[in-house]
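Paired with chain B in one complex and with chain C in the other, chain A is shared by the two complexes that follow.
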Partner chain A sequence: MSEIGVDQWVEQSGDRQEQYSGRTAPIRRLFDSLRPGWRLVIFLLLAAAYPLVVSQSGVRIGITVLLLAMLALGLNIVVGWAGLLDLGYVAFYGFGAYFYAIVTSNQLPAHWPTWIAIPVIVATTALLGALLSLPSRRLVGDYLAIMTLFFAQIFGEVVRNFERLPGVSEDLDLTGGPNGITGVEPWKLFGYEFGTFNRNFYLLLVLLGLLIVALHNINDSRTGRAWRALREDTLAAEHMTTPVNRLKMLAFAVGAAIAGLAGTIFASVQVGVFPNNFVLLFLITIYAAVILGGLGSIPGVVLGAIVIAYTPEMLRDPSTAGVLFYVGLVALTVAMLKKWRLVATALAGLVILGYAVRWAALAIWGDSILGTANDTLISRVLDGWLLVLGQSQEVVTSYAFVLAIVGALGVIAAQNWWRVVWLIPTLYLAILVWENKLALQPSVTRQLLFGGILMVMMAVRPQGLLGIRQVEIT
Partner chain B sequence: MTPILELRGLSKTFGGLQVLQDLDISVGTGEIVSVIGPNGAGKTTLFNIISGIYQPDSGEILLDGASILGSSPETIANLGIARTFQTLRVFLNMTVRENVMAATYGATRTRLWQSALRTPSARREEKEVRAIAEEKLGFFGDRLMGYRWDQPAYSLSYANRRRLEIARATATNPRLLMLDEPAAGMNPAETHEITELIGRLREEAGYSILVIEHDMHVVEGISDRVVALDHGEKIAEGSFDDVATDDKVVEAYLGYGAAQSK
Partner chain C sequence: MEFFLQQTINGLTLGSVYALLALGYSMVYGVLKLLNFAHGEIYMFGAFAGYGVLTVLGGPSALVVPVWLVITLMFVASMAVSSAIGVALERFAYRPLRNSSRIAPLISAVGASFFLQAAALLLFTANSKSYDAPTLIPIDTGLTLGPINVWLVRILVIVTAAVLMVLLTMWVARAKTGKAVRAVSFDREAAAMMGIDVDRVIVVTFLIGSALAGVGGVMVGLVFGRVFHLMGFVAGLKAFTAAVVGGIGSIPGAMLGGLLIGFAEAYTTGYISSTFQNLIVFGLLIGFLLMRPTGILGRPELVKV
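Up next is the complex of A and B:
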């Protein structure tokens, strides 16, 4: 049909991508048909409605989500676009926050007005970012990562120990040492004070919207292309008239400026800053948001931040955690078995197994072993089927937990009907452990579930939720 | 007339290995010069020195009579020397069009804040750059046509990636185009096509061309002049027929015996 060299596979690749398969296809097609601008408008409208329907603590969580989204967008410039592994990023956030805290609290005699403080802080943080980009002239990949990690550590140490400037007045306490700084003033613009959670939420939302528009424009500009080109192949980019060192510096500086800005709002919302706010764990959280959402994708990174920041908060509530747990179990069952006949068999087997175990246990040990079910809807539904234990709970659940893990390994190793055979007792054990132990300890369970959710998401979409599958550079 | 590129007494050692030795090569305006030689003769090193990756130990590199010695690859590219790579180095995770547009960075002026705000001048320049990219890709006719422009570069076939590299190099608006084995890995039909294409790059686009090539059909088809290298030394120079029958060249490729029994 076609001449030599014009391969049909490539020719049709557009059509193939059009035809989404599966049940989510209509939603994905609808999403694709929306222009990016409309997607942003919908997102902003939904987000703007959020504080109206939640409590103050909910708004506080929303602020955390938006801050993380902003930070993730900044990090995405350096890591997702320019391809520079920057582990010092959290220090820029801390720098912005501390700078703002110092100039607007009683650490210094003078209090700076917001309209002076913000530009100065953002510019200084950008400068610091440019400075940190210097090692990236010679170092890439892991080596650059280690270098920048040092920077983050140095920042932490300075903040913890650098309470007084040597040789300057003894009364001058700059960072507050391990105690941090309290009594930070909120943002004040045009006589308007951002003192409440609601106001800060909308301030952040507006800034985030502007940032998304700007970044979207930049991504499609000469600078954005040059950043991505140097990520793909620095040497080739240099040969194609790209000043790579200047662009690396620019990426670091812009990323840092965004982090610095986020830092000032954080300090203002928290009314204080503490060294523990800017530790490596938080850096990993930002990275998790970027990677989970999809490296390089703006909507992806925002979605990643929402998932990463919101999920643990959602899991604080035991009944929500329970719902997520059971939804996860069902989803995993479907994913593992794929065919409806197998799924139905597994569920039927599970029901029978549950009654059988309960009957047998009661026949042997009597009613005295029973405890009371948890006070959630699902638990009450399961009561009468599941063995909710009383005193012997600790021992039984510990063994059941280990067995459930062994069962899970068996499920992974087995195929077809054998998989069903493995799955039935594994599901039962998992539910037994959940209802008897995990649901009672939300603080531990939260982390377990959160980790599990992240692992499943990454396993299903290695390129990130909205990421574009990228090929390795060979 | 001054040649567009002139190399005088170029030498380079890597440790104890003499890679280039007192090399003189010139490329005239509108000329196509081929560099041939067995593997390890120093051809790619020669390209790497001209394009600024390495600095020579001694010698002089003149572009239009002015020295470009010590300039960075970026500066040299801006001055008008563009190159392709033997091992393909396209930006795989960018679209075909973006690959070519990325090569216009040095010729454009929009600042970051202008891009962020999409100011009228930023839009205008973006439009121009798009047009340039489409023109450069259009040079390859059907091979890199319309529907491929928005595909990621990794979805292209090997031969098309080579074409894309050439298109990208031409987008830097060069005077001298350096092609490192443009026909490597191509089938006979595609090789023939590349031969014609290199001719057209000179005739229609007006580039002077320095090309490394192993395929002698291509070399024969395109070269005004051929330079043969072996162990970093120029062993022959002249028309294709002269160089191909030169004793030293035959010896370098096939060994001493073959040269004697010719």
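Up next is the complex of A and C:
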């Protein structure tokens, strides 16, 4: 019990803050001891060196990463700082991209120069964001989320189906419908054309650097603090005379403007825009980046974007994907079981189970069920351990996939030794499905992964990798 | 007149399905204040479960058992699969987050929706499957209603949905657990203090809501034929629209909203253009949310400070 006059909650506030502990403590301590400016300089130097050491396709991936980082930073303003759940964010990105594509390609005879196009587009997108913030005066939480989601859907429908506005522009094709727009001109500034991947990479890097500096300052400013007050308790903030509606509008507008800017660069790099670039899948990708990194934290969001944009690229190459998968599997096993004794038992059991299943399968059905084994990590380490299936592959892996999910749920629900018992067959099934199916379909695997990341992250560490744990006051 | 009648029947069929889906949204929202984004995917898995039963029993053209038995089994299987997924989601994705901030379960639900969609893509591939119901029940069987003929499958869908809704209404009004559901959605803490097992009530809510979604999935498969991994998303959005228009948390509201959205969609498709169909439904919701955020039958929630 606390003394009279000392509030217990205030007194214990130190305990609630996260201390450095666990295996990653030294890294986190080092990171926190650096001043934000130095962090940014180190990041920019490392990023600037990146195109020098990788191939052109590597630079292309780098552009994807930087674009995602930029978008994630913009979304972070709306969701992380102001606490407004905006599921229509991808529409602003699409709007910027389409606007840029329309005014610089052959859709219109206009061909605006970049220095006119960019300010106009950014301002228009900001205006659109401000417009979309109007419903947030009345709607909160889930209602606002679903409303913005409808906005994104309507954007997609319009872009796909109304390339010719009925009655307005019967013979003027604006959006190109499902085929999108091609032949978009790259950015041109001061007679300098951003036509190559390298130039676009550095352009993005410079913009990202400026954006980070600006956001860092905004975060510490009156507006930034007011946004956080809004997020924590809108009602209380309003009573403290915070102009709630204006701040919501500002958050939406700034977030939208950043998305619009990113959209123009995207259109310029891709030399075209297509309706499928701006679907819900991409929105979830941005959300995954923001949430994985840590809602509200600038370095966190950038880190999240790097991880989220890079992972699918690694999945694309089967051998690295394999390494990633097995490392992840072992890490998960360790995290689930914690004690080395249990981990060792699980791994030994896994090896035995593999040989036993293979022996049993061959004894019952004979050699005919076997397919040709690929040269994968597991076949090199444990030759003849895995059942590589032939024709019946589709059916068996489907069942194995469902069973693996059931098994994973069992692992979560079970404790101690029961957990080991659940884990062994689950691991086996997971490897079976991976080698026979998942590794061959990277795009589906990516979707599964994102969905899984969002769920696991929310359950385990809702504040993300670098986020600050929020204290709920009830 | 004939065309109008045809569209009305279409609207009624669609509306029944949306109403069943909207009930799930509304009930879950009532007890947990959670927007279950994955509800559309639960419905999609229900549709696939029905397709699975149909395929196992020989496919639409070479059935090994009578038609009525197949359809019953399809409904049963879809209810089982959907409610299993619903309950698993509740237990593993939503329960650990019950005391965290409002945003966490919503994001988890988006993740679940995504995960389930990818799982369906993996299990059933991207090709859409067809129930081929006209082979099961010939299209000219059914009721003659003036100038038009109403297909037996449509009658089956409308009657089943109506029966289920009546049963649900009675259950919520009379049964002990039904009353407990109402109590929990009114005030979870107070209900817990009165000795109601809140966890159990929430599980039951998910079970029933998901089972209804599964039934809806099979119905859509029967009437419209196509079953595919993305079918849950737009249907889920529309059902949510229905739930909101009716007043989220209110069971008669969900039914009313579902029918309303069904009619709106059918008449738009019939009289204006099918390209506008989604735009009009979404526009309706936006307009509705702005004018009356609590829906037709919803009550405004008072915020206590």
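Simple rule for what comes next: the second predicted complex is superposed on the first by the 319 of 474 C-alpha atoms of A that agree within 3 Å, B and C clash if a C-alpha of one lies under 4 Å from a C-alpha of the other, contacts with A are read in each partner's own complex, and residues count from 1 in each chain.
The rule we apply is simple: a contact is a pair of C-beta atoms (placed from the backbone, for glycine too) under 8 Å apart; a residue touches a chain by one contact, two chains touch by 3 or more.
Worth saying up front: this structure is predicted, and the values here are computed from it rather than measured.
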Subject >> Contacts of A:L250 with chain B and chain C, given as first, second, both or neither >> reply: first
Subject >> Partner chain(s) touched by A:R228 [first = chain B, second = chain C, both, neither] >> reply: first
Original post:
Where does A:L189 make contact in the superposed view: on chain B (first), on chain C (second), on both, or on neither?
Top reply: neither
**OP:** Quick one: classify A:T242 as touching chain B (first), chain C (second), both or neither.
**Re:** first
**OP:** May I ask you to name which of chain B and chain C touches more residues of chain A?
**Re:** C
Original post:
For A:I218, is the partner it touches chain B (first), chain C (second), both, or none of the two (neither)?
Top reply: first
Subject >> Interface residues of chain A shared between complexes with chain B and chain C >> reply: 235, 470
Original post:
Considering the complex alone, what residue numbers of chain C touch chain A?
Top reply: 35, 88, 91-93, 96-97, 99-108, 110-119, 121-123, 233, 237, 240, 244, 275, 278-279, 282-283, 285-286, 289-290, 293, 303, 305
Subject >> Residues of chain A that touch chain B when the two form their complex >> reply: 3-7, 10-11, 13-14, 214-215, 217-218, 220-226, 228-229, 232-233, 235-244, 250, 254, 468, 470-471, 473
**OP:** Quick one: which bits of chain B touch chain A in the complex? Just the residue numbers, please.
**Re:** 51, 53, 72-74, 77-78, 82-83, 85, 89-94, 98, 101-108, 110, 112, 115-118, 122, 125-126, 129, 142-143, 147-148, 151-152, 154-157, 159-160, 168-169, 171-172, 187, 189-190, 193
Subject >> Residue ranges of chain A in contact with chain C within the complex >> reply: 79, 83, 85, 135, 138-139, 141-143, 145-147, 149-151, 153-154, 157-158, 161, 235, 280, 284, 287, 291, 398, 401-402, 405, 409, 412-413, 437-438, 441, 444-445, 447-448, 450-455, 458-459, 462, 470, 472
